[in-house]
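In the two complexes that follow, subunit A is the common piece, with subunit B as its partner first and subunit C second.
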Partner chain A sequence: MLARSLFAMVAALAFLAAPHVLAEFHLFQICLIAGTALVVLGLVVVTGFAGQISLAQAAFVALGGYGSAILATRWGFPLWAGIPVVAVAVSVVGFLLGQMTLRVSGHYLALVTMAVTAIVQIALIYSDSITGGAAGMPVPTFEIFGYALSTGGQLYYVIVPVTAALFLAVHNLNRSHYGRALAAIRQSETAAELMGLNVLRYKAAAFGASGFLGAIGGGLLAPLSTYLDPAQFGITHSVYFLAVAVVGGMASPLGALVGSTIFVFLPDFLQGFQSYLGLVFALLLLGFIVLRPNGLASFNLPRALSSALARTGDGR
Partner chain B sequence: MSDTPLLNAENVTVQFGGVIALDRVSAAVARGAIHAVIGPNGAGKSTLLNVVTGLYQPSSGNVSFEGQSLGGMAPHRINRMGIARTFQNTELFGEMTALENVLIGLDRRHACHPLDAALHDGGWRRSEIAARREARQLLSLVGLAEDEGNLAAALPFGKQRRLEIARALATEPKLLLLDEPAAGLRAAEIEVLNRVLLDLRSERGITILVIDHVMALVMAISDRISVLNFGRKIAEGTPAEVRSAPAVIEAYLGEKGAHAFGA
Partner chain C sequence: MLAQLLVSSITAGAVYALVALGFVLIYKGTGVVHFGYGDQVTFGAYLVLIAQALFGLPFWPAVVVALAASVLLGALIYGGLMWPLRRASLLAQIIASLAVGTVLREFVRAYMGPSAWPFPFLLSPAPVAVFGVFVVPANLAIVGVSLGVLALLFLLFERTFYGRAIMAACDNRIGASLIGIQVSMVFLAIWILSSVLATVAGVLVAPLLTLSPDMGLIGIKGFTAAVLGGFNSLPGAVIGGILLGVLEALAGAYVSSALKDMISYGILIAVVLVRPQGLLGVLAMKKV
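Entry: the complex of A and B
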């Protein structure tokens, strides 16, 4: 209990101190990590916890971003209200998509969810009058309590707390009977169903949660990037989010954060290799699937260190 | 009401393509009974359990529980009506601890509001504590009190079997279906299992339908035995009646079986 409140205090202090210490660009990167982490958190819930593979995440992100931006530009609905409203609607879409798991699973589910991403992207491109078509659309400024938040340093005060709150909620839910039920379904659907769990409803709810988190992430990333382009929401991007989740680790919410941090910073470290970035991501994904299927978050750092020390102590 | 059977299968036929797994099988399980279904491999015993629990739909015929037809009902709803089962090759949640496996069955009755679960507040804590207390009671009932923190997959097979029984009991069944609970157990372990099953009936009033080959279990505790062979029911009665039924000895038990009965 003491450790927990101490951690909360340190985190709050760090949150308040960061804008005074870090440069604007770094605050922008923190926002990007937080937004991406929310999107990937959705995948951790549906794929990591419930065991249902999904390539629909880019579609949920697109619906969240476009939905709230359109509500704001067409009807003057402010983003702070529009994003959660749209996210609830997208979670319903996710829930309905989840009903599909009654009929399909495994590779076929991957294909169906991939098709959803393709359909949403095509719909965005061909709805010129509302979405701006292939040229895309500008995102209105995020305004709240009379403040206009447009830079990373300003949006930081919205994106980071929202991300923290949702991570905490998912962490807690995963450690309650909801998380237990999803874990049971992942391990044996038959046994879970025969233990009285409505397996279909739980799987659909997991898809609903991934839709909600994806849409909130998409809604928050949109004002950060200031412009929406349908090319950002293709199947490649669904695969990208899955890669982030695999590298970070799907067993816990922490993995989404670790993966997002790596994938946001990596392009900076590899500036000389810009044209090979896709290859690096692909190799990372492959390497982790083969060597470390539970991702980076599954490393127990203290234990790894102590066993490494013990080995050197042996004189080898 | 009390003389209507708890579970009633009427002319149940299950067909997979050209194969008839069950052929017009009828059986009635009386409330409070320990009823056994025996028969050689491939006789359709497991198919019968799969029909009762809703995993298979019968091609024709009907199964009713407490007078209500189970036809077309999803397995989780059948479980909620009061039917729980174990599996021949155990279907535990291997990455979860023994305690968590049992909690899966209890959670429905101890569930807290999603908001409580998201905040981990007092409501969540109370429900979690109550569920864990009950889970521990069930684990000690089957002699696994020491193993609550062990992963299900790491338990020896005999303990996995008993964990499956505890997990099934967690859903508060009126009817417990056991698929070969004694297979691979040593004589002493079978004695323990017999004791557990008899206690379940006398203390919790649970009706038990058990499938098994192991005569040390079936003959010792069953009130009634149905014998299946090639998907058909060929005999039914008390252990003594079944033991001496010529059809059973001829068609199913043969010389070896007669020897197993000590005849």
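Entry: the complex of A and C
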């Protein structure tokens, strides 16, 4: 208990101190990590917890970003209110998509969610009058309590707390009755059903949650990038989010954070090799799925150390 | 007008059919759905360009080198990825095949640049009038090759001992190995065969579409064609491909170009939800 409250205090202090210590660019990167982590957290819930593959995450992100931006530009609905409203609507879309898992699983689920992403992208491109078509649309400024937040350093005060709160919520949900039900479904749907779980409703709810998190992430990332381009919401981006989740690890919410941190900082490390960036991302995905399918967050440092010690002990 | 539309849409359909045949071959032969197959098709076409650039070869020898390289690629995908993952979860296998496609696409983007390349036609692209309808020899070649590949694969699977061995290996690995079929060799052969088929398809299709790293998105149309025909039916793949090409062309001509782009995804979702066994497929019962 003491350790936990101590951790919370350190985290709060770090949150308040960061804007005074770090440069504007680093705050922007932190916002980018937090927003991406929210999107990937949605995948962790639906794929990692419930075991249902989803390539619809880019569509949820697009709906969240475009939906809140359109509400703001056309009806003057401020982003701080529009993002949660749109996210609730997108979670309903996700829930309905999840209803399809009654009939569809495995390969076919991957195909159907892929098709959903493609349809959303094409719809955005062809609805010129509302979305700006293939050219995209600018995102209005995020205004709250009379403050206009436009830079990474300003949006930091919104994005980071929202991300922290949602991560905490998912962490707690995963340890509740709900999380255990999803784990049971992941391991055996038949067994879960025999235990009296309404499997379909749980799977659909997991899709709804992934839609909600993806839309919140998309809504928050949009004012950060200030521009929405439909080319950024295709199937390849769904695969990108999946890659982030796989590299970070899909067994716990922490994996979403670890993966996003790696994928946001990687371009910095590869400065001379920008054209190889996509290839490095792809090779990371390939390497992790073969060698360490549970991802980086599955490293349990104390346990790894103690087992290593035990092994040296045996070798005497 | 309608006749001309149908003739040109059959070409597009044959392209989808060729890609769909590759999917069905891998799925029928090894039980894996290869999500990176579209990118493998693109990669096959790029292999020809790379062979030309690296060794200064003329076009045809470069095609031969590309076919040889794709044998290696198929063996590499099976030996390096699908064999180690043979007992992994379905989820891991799906992600691995997505990763293969992404690696191939990003390799091409990094090595050959993101912009489009010109690719020569194998036959004349000049249209010839037949009964008042313009027919393009290069397009006829695509239709011919996809029908030829279908015939070859069909004979292989249905009429030869080796084909029966492949089906047995896919159906029941333990049973097949008990009667003396070396399952890993069968799977290796399937991956090599499908990799060669991808390069053949790439070489035929590249001059028609724009050869850029993102040409692999054709893969989804191939999926739709395969799903429409029934994922484990070879003739179904061809019928599904041509049907998809015709439906797309009709939607584009009579409704709108937005619908033309969207219809294949709509068909994909509708077929999976309403008739998952497709037109010619056999429904597999899920065992508990």
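FYI, the second predicted complex is superposed on the first by the 301 of 316 C-alpha atoms of A that agree within 3 Å, B and C clash if a C-alpha of one lies under 4 Å from a C-alpha of the other, contacts with A are read in each partner's own complex, and residues count from 1 in each chain.
In this section, contacts are C-beta pairs under 8 Å (C-beta built on N, C-alpha and C of every residue); 3 or more make two chains touch, one makes a residue touch a chain.
Computed from a prediction, not measured in an experiment: that's the story for all the values here.
Superposition of the two structures on subunit A shows subunit C fitting alongside subunit B with no clash. After overlaying the two complexes on the shared chain, residue contacts for A:Tyr276 are found with subunit C alone; subunit B is out of touch. Of the two partner chains placed around the shared chain by superposition, subunit C is the only one that A:Met100 touches, whereas subunit B remains out of contact. Subunit A is touched at more residues by one of its partners, and among subunit B and subunit C that partner is C. In the overlay built on the shared chain, the residue A:Thr190 is in contact with subunit B and with subunit C.
After the chain A superposition, the centres of subunit B and subunit C are separated by 80° when viewed from the C-alpha centre of subunit A, nearest 10.
Legend: residue contacts after superposition of the two complexes on their common chain; A:Tyr126 is shown touching subunit C, with no touch to subunit B. In the overlay built on the shared chain, the residue A:Ala115 is in contact with subunit C alone; subunit B does not reach it. For the pair subunit B and subunit C, the minimum alpha-carbon spacing after aligning on chain A is 10 Å. Shared interface residues of subunit A (contacting subunit B in one complex, subunit C in the other): 190. Residues 47, 51, 53, 100, 103-104, 106-108, 110-112, 114-116, 118-119, 122-123, 126, 190, 235-236, 239, 242-243, 246, 275-276, 278-279, 281-283, 285-286, 289-290, 293 of subunit A are the ones touching subunit C in the complex. By the touch rule above, subunit B contacts subunit A in their complex via residues 53, 55, 74-76, 79-80, 84-85, 87, 91-96, 100, 103-105, 107-108, 110-112, 114, 117-120, 124, 127-128, 131, 167-168, 170-171. Of all residues in subunit A, those touching subunit B in their complex are 169, 172-173, 175-178, 180-181, 183-184, 187-188, 190-199. The touching residues of subunit C, counted against subunit A in their complex, run 33, 35, 80-81, 84-85, 88-92, 94-96, 98-100, 102-103, 105-107, 109-110, 217, 220, 223, 227, 258, 261-262, 265-266, 268-269, 272-273, 276, 288.
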